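Chain lettering (A, B and C) follows the sequence in which the chains are written, and residue indices restart at 1 in each chain.
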Amino acid sequence: MGVEKYIVPILRSYSAVLFNSEAYGGALLLFLSFLNPNVGFGGLVSLLSAYLFARLLGFKREFLRIDYYIYNPLLVGLSLGYIFKINTISFLFFLTGGILSFLTTYVLSNLFYYYFRLPILSLPFVIVSSTLYLASQHFSNLFVESLYPHFYLPNIDITPFINGFFKSLGAVFFLPNTFCGLVIFLLILRISPILAFLSVIGYSTGILTTALFKGSLYQAISDTSAFNYILTSMAVGGVFLVPSLRSYKFALLSSFISVPIVESSKVFWETYSIPVFALPFNVISLLVLYVFIFTGYSLVTRVYRGTPERTLDYYLTRLKRFPFTGREIALPFSGEWTVWQSFDGEWTHKGAWRHAVDFVITDSEGKTFKGTGSSLSDYYCFGKPVLSPIDGTVVDVVSSLPDNKPGEVDKENNWGNYVLLYDKRGFYVLVCHLKQNSVNVKRGDSVTKGSLLGLCGNSGYSPQPHIHIHVQLLPHLGAPTVPFSFTSFISSK
Amino acid sequence: MGVEKYIVPILRSYSAVLFNSEAYGGALLLFLSFLNPNVGFGGLVSLLSAYLFARLLGFKREFLRIDYYIYNPLLVGLSLGYIFKINTISFLFFLTGGILSFLTTYVLSNLFYYYFRLPILSLPFVIVSSTLYLASQHFSNLFVESLYPHFYLPNIDITPFINGFFKSLGAVFFLPNTFCGLVIFLLILRISPILAFLSVIGYSTGILTTALFKGSLYQAISDTSAFNYILTSMAVGGVFLVPSLRSYKFALLSSFISVPIVESSKVFWETYSIPVFALPFNVISLLVLYVFIFTGYSLVTRVYRGTPERTLDYYLTRLKRFPFTGREIALPFSGEWTVWQSFDGEWTHKGAWRHAVDFVITDSEGKTFKGTGSSLSDYYCFGKPVLSPIDGTVVDVVSSLPDNKPGEVDKENNWGNYVLLYDKRGFYVLVCHLKQNSVNVKRGDSVTKGSLLGLCGNSGYSPQPHIHIHVQLLPHLGAPTVPFSFTSFISSK
Amino acid sequence: MGVEKYIVPILRSYSAVLFNSEAYGGALLLFLSFLNPNVGFGGLVSLLSAYLFARLLGFKREFLRIDYYIYNPLLVGLSLGYIFKINTISFLFFLTGGILSFLTTYVLSNLFYYYFRLPILSLPFVIVSSTLYLASQHFSNLFVESLYPHFYLPNIDITPFINGFFKSLGAVFFLPNTFCGLVIFLLILRISPILAFLSVIGYSTGILTTALFKGSLYQAISDTSAFNYILTSMAVGGVFLVPSLRSYKFALLSSFISVPIVESSKVFWETYSIPVFALPFNVISLLVLYVFIFTGYSLVTRVYRGTPERTLDYYLTRLKRFPFTGREIALPFSGEWTVWQSFDGEWTHKGAWRHAVDFVITDSEGKTFKGTGSSLSDYYCFGKPVLSPIDGTVVDVVSSLPDNKPGEVDKENNWGNYVLLYDKRGFYVLVCHLKQNSVNVKRGDSVTKGSLLGLCGNSGYSPQPHIHIHVQLLPHLGAPTVPFSFTSFISSK
């Protein structure tokens, strides 16, 4: 019972390297790693050292709760055990690996979370293992005492291409061997056929591109750092994005552009005889993920359910209920209004500000005003109540700008009078061009759906009275807009 | 018509590399790049690949609207075309260049904007081109199939120094040739004599310093990466700063300190046979620009008008209307007050907090109090209304600190009771040492110029009642102050 | 008198390199540096150049006020003077060093302060000196004109180990000589025996580990970059942490893990014949300090009093008055309540959220409710006033969530209705599970200790009415909690 609380997180972390969290899969991977006892023990020693150091600092349960605290020192230990057998001297070296992993993981995970909103994947492992491999070149005694001959593991020989694939898959856990790779592949296949499929896609794309550039398929498949293509493809096509034809397309493209990253890392490090580890996977995955997240790409996985299959299930169920984006808001008025400009509108809803909708009130002839339209009061929507489209908090308000005469615009204050709201689901809604001094909420107020925000006006860059509404992910005025949808409405046409 | 919307942004981006946005200049540069068709086509292929990838992500108009999305893949393509001729294999390589450029540009521009408030210049190009040049060393097939002999372009031979200058200028677009350089120089001269002048200044400074350190002028001028001195000088002296004698001095100093950056980059990369590209220009320009911006250096260009000449025009016109800084605020009181301490005051307005003004009320003898001055109510300004000097928003308020007895100060709460206001022009105004419990605005309030903020008091580090006012660019208490000026006042002396 | 205002800051900056600020120690170090006049003058020339450049930008007093503006160019100059004697050519080179140091220091200190909350130590020196050493390899003329033979300084020969220690200590100021090292050691000993002790601990740990890995004590002690172990040990054990057995343990561990950093830096740079300077010290110190600060480690020095001894004094005095953490808050209620769960509670106070306390009201039998407990009103604490535990500002409020029936929890809104307060001492207090619509403060309000926040309820992840309170360092909901304590209470058991 006491041991279990340590064992289960470790097993899950082994699995996390392959993007899932099944303990039984982790048990299999742990078992495999002990086929080369130096690798198996190495991983555990560095992990233990990281854990003990973390406890010194008062960490205890968080360490076991968060998978990257575990798998980063683990991978560092595996990488050291791949070269050095365990004895007194190398033991100390494995200890430094664990402590450095913990420090690096803690710092990077904080910075990545706060400033990039990105996971750290196995970046700490790459940094620490590269550093220790570099350092070891000066440690003659370590080499003399701990270097061991290339470890023999039974290989299964199929075809060169498939051998290469399995060896690369095994190399993820420093077991570059067809047998281990085959077992790992079967494990992936059982857990998620989609991930298995993506691993093949990624490997093939990476290897064929490399072969083309190098002019030698043989050279391409004999390089086990090709596991970077496998991991990149799985991460992009099955984890970061909801599985779909488009996600597979991005998986393929990501493997493709990983090729020069793998080779440039190799050229850079080969002067020092350092392998590239998982650096290319980390670089491309993080670049691509950042772009997916910050452009608000529609397929981005918001909740990963352990495997791509379960994520897809979740997403499809959810899709049925919420047609578009997961950013559903109510209409900002009651009664019947008309969409004047919608997404990618012809006039102003361009570029980063393209996801926006303008509303007016029209009469039976489609006109927005009565009489001549030369006075603001001619416009049907002028002065009509504007309601909160969400339950949220008022983040910012401007209320003092004058309403333009019809046909004129205020080029300096693009948004005119506005209310910026924050929705706990993680986005901001801007409602603008409100009437001067009509706003009746203030910064800090909580509002509920349907409560009065102000009156429709003609302030800002607005030639005629209308309501402009859009959704953005950042709190400042002028932030890029993202897609959203309205929860319920009756279209009269 | 349809093509135009693609062509014009491309032409402008070519021009943007030389710090302006004239389409006709871009057309000339595009034409020049086709003197070596591999360079010309290379640029367009990588650009096309970046654009198509961006569209996959839902980008479209922003891509064409923002110049660095265009010129970064363009330069990457030029750099690849400079080595490899276009065929099936290299085509794929050019494609990776475009996609990697887009990803790098997107991520870096976001991070630079949010965290450094800096442009990215051509940093993505430098990163991607260095990576691809590195990778290509493993791509034997690419070399076999696509390497082409050094491309011959007609050279004009003037003097070695001038040849070197023109070749370096041509090298900006991977056309290291005196003829191309001459054409580019004439183009710059036509668009902006100031930039042309700065290019000469920068080149001369860089080359002479290098020659001195190397002991050989010949070696110095035979290195085309000297274009880094040219670009640095133009950026610092004509773009980041309003052109003036002082801006030219900084241009010269920037070229001077670029010399060790150029050479250290060369030493670092020559092990790998990688050129330095525009790395030194990016490093020095961004370092210097950051320092200019965050120290609030007075000559920093706030609005660049396409050329240094137009910027200067704009600035001079504006200068006439607004004497000092572009941060004009009203006086924070009505009636007649006296400046007690001004910028760089003898007492406390020191260091980062030197741009501040203190006001008191004096009598005809210049004294600030009646009677003995031992009681706060003896002081003429104590309890007098303090007014908002701007239209803005209340960001922070403290109101509960006690007023010191005359002659005593509160060393713990330097600012005492204060109101911190935000002005939409992009700065913060702090008014402090207010009377206890006298503040009658609260966080989030909008205030207009002249509205009551509170009463003059003696809280905080204040030995006698007075109003302290300063302007800062960051929202936290104790942020460095920057210069500002008062819009209108009558000096009674 | 005029000179003094320049001299004293310089002397203090020399001392700052050894973690104190005594001018007389600095004078001794300055004197020592002139034993090799090239080193001594080199430092002053680069410093002068940095200062003059800063003045061009309008800097003046801040430069002299902030020690890292001074010691970074100083160290750069010392490092250059260690290789090049002073003449016209090298003079220009020393000038570039000063300007580059100022720019790098300004930018890095800003970024480190805002984004990492870390000091920059001597990182700018490491970056600039590495760059200039790299660049100098292309500057044949500089070598021809300025290189000078290895400078002879009188050595005192004791034992190899002690010689190594003194040489390393001298190497901090580019005086790798036993005599200089001895003088420096005596200086440290006089100023702070704790720092002297830590320097020995650090050196021994680093050297013995290195000797073990290399299989040669001789090799280990002949490397003067071992000063990195000395500085790391002093910084971690005596400056970042309050001196204690635990701080010494961390000093030892930090020196231990510095070993692979020193050697990997050496392997990396030796291709370029560049020394590692103080890179390993900076890397390990900053990693460790970041982790100390952000995990809220209890021994972190909040106010460094010039020497570890004075810091310890201060801390011990303070400890007597404030028993636990420096984050003392009042109880959030009046009357008699019972602690239901405390730090590291069995139920939900786990992981990053472990520093939290739950309160309920119990009757004489220890029960929290009367009757059956099936209705919320059965619970003694339900609806009781919740008071502000601090003087602070309301940062965030939620008030609209329903109260769960007893035994049920709201898994989506973990914290239920809550008030998040900011305390000027630099932390946030969250009080939560309040009753629906009972909160009577709003965002932006100032509150004083004991003022009413709302009523005890059962909203959020709460199976029975109680008050949850914790302290966190970051403003967002769900931020990690840190230890805190209650100022005054009577324990009835």
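List of remarks:
Here is the rule we use: a contact is a pair of C-beta atoms (placed from the backbone, for glycine too) under 8 Å apart; a residue touches a chain by one contact, two chains touch by 3 or more.
Computed from a predicted model, the values in this text were never measured in an experiment.
Taken pairwise by the contact criterion, the protein chains are fully connected, each one touching every other. Comparing the contact residues of chain A and chain C by number shows a mostly separate set, under half of all numbers used being common to the two copies.
Note on chain B versus chain C: their Cα superposition corresponds to a rotation of 120 degrees, in steps of 5. For the pair chain A and chain C, the distance between mean C-alpha positions equals 31 Å. Counting partners per residue, chain A has 115, 271, 443-444 as the residues that reach two or more other chains.
Chain A makes touch with chain C in their complex at residues 53, 56-59, 61-62, 65-66, 89, 92-93, 96, 99-100, 103-104, 106-107, 110-111, 115, 131-132, 134-142, 144-145, 271-272, 391, 393, 443-446, 448.
Touching chain B in their complex are the following residues of chain A: 115-116, 209, 212-216, 249-250, 253, 256-257, 259-264, 266-268, 271, 287-288, 290-292, 294-295, 297-298, 350-352, 354, 397-400, 442-444.
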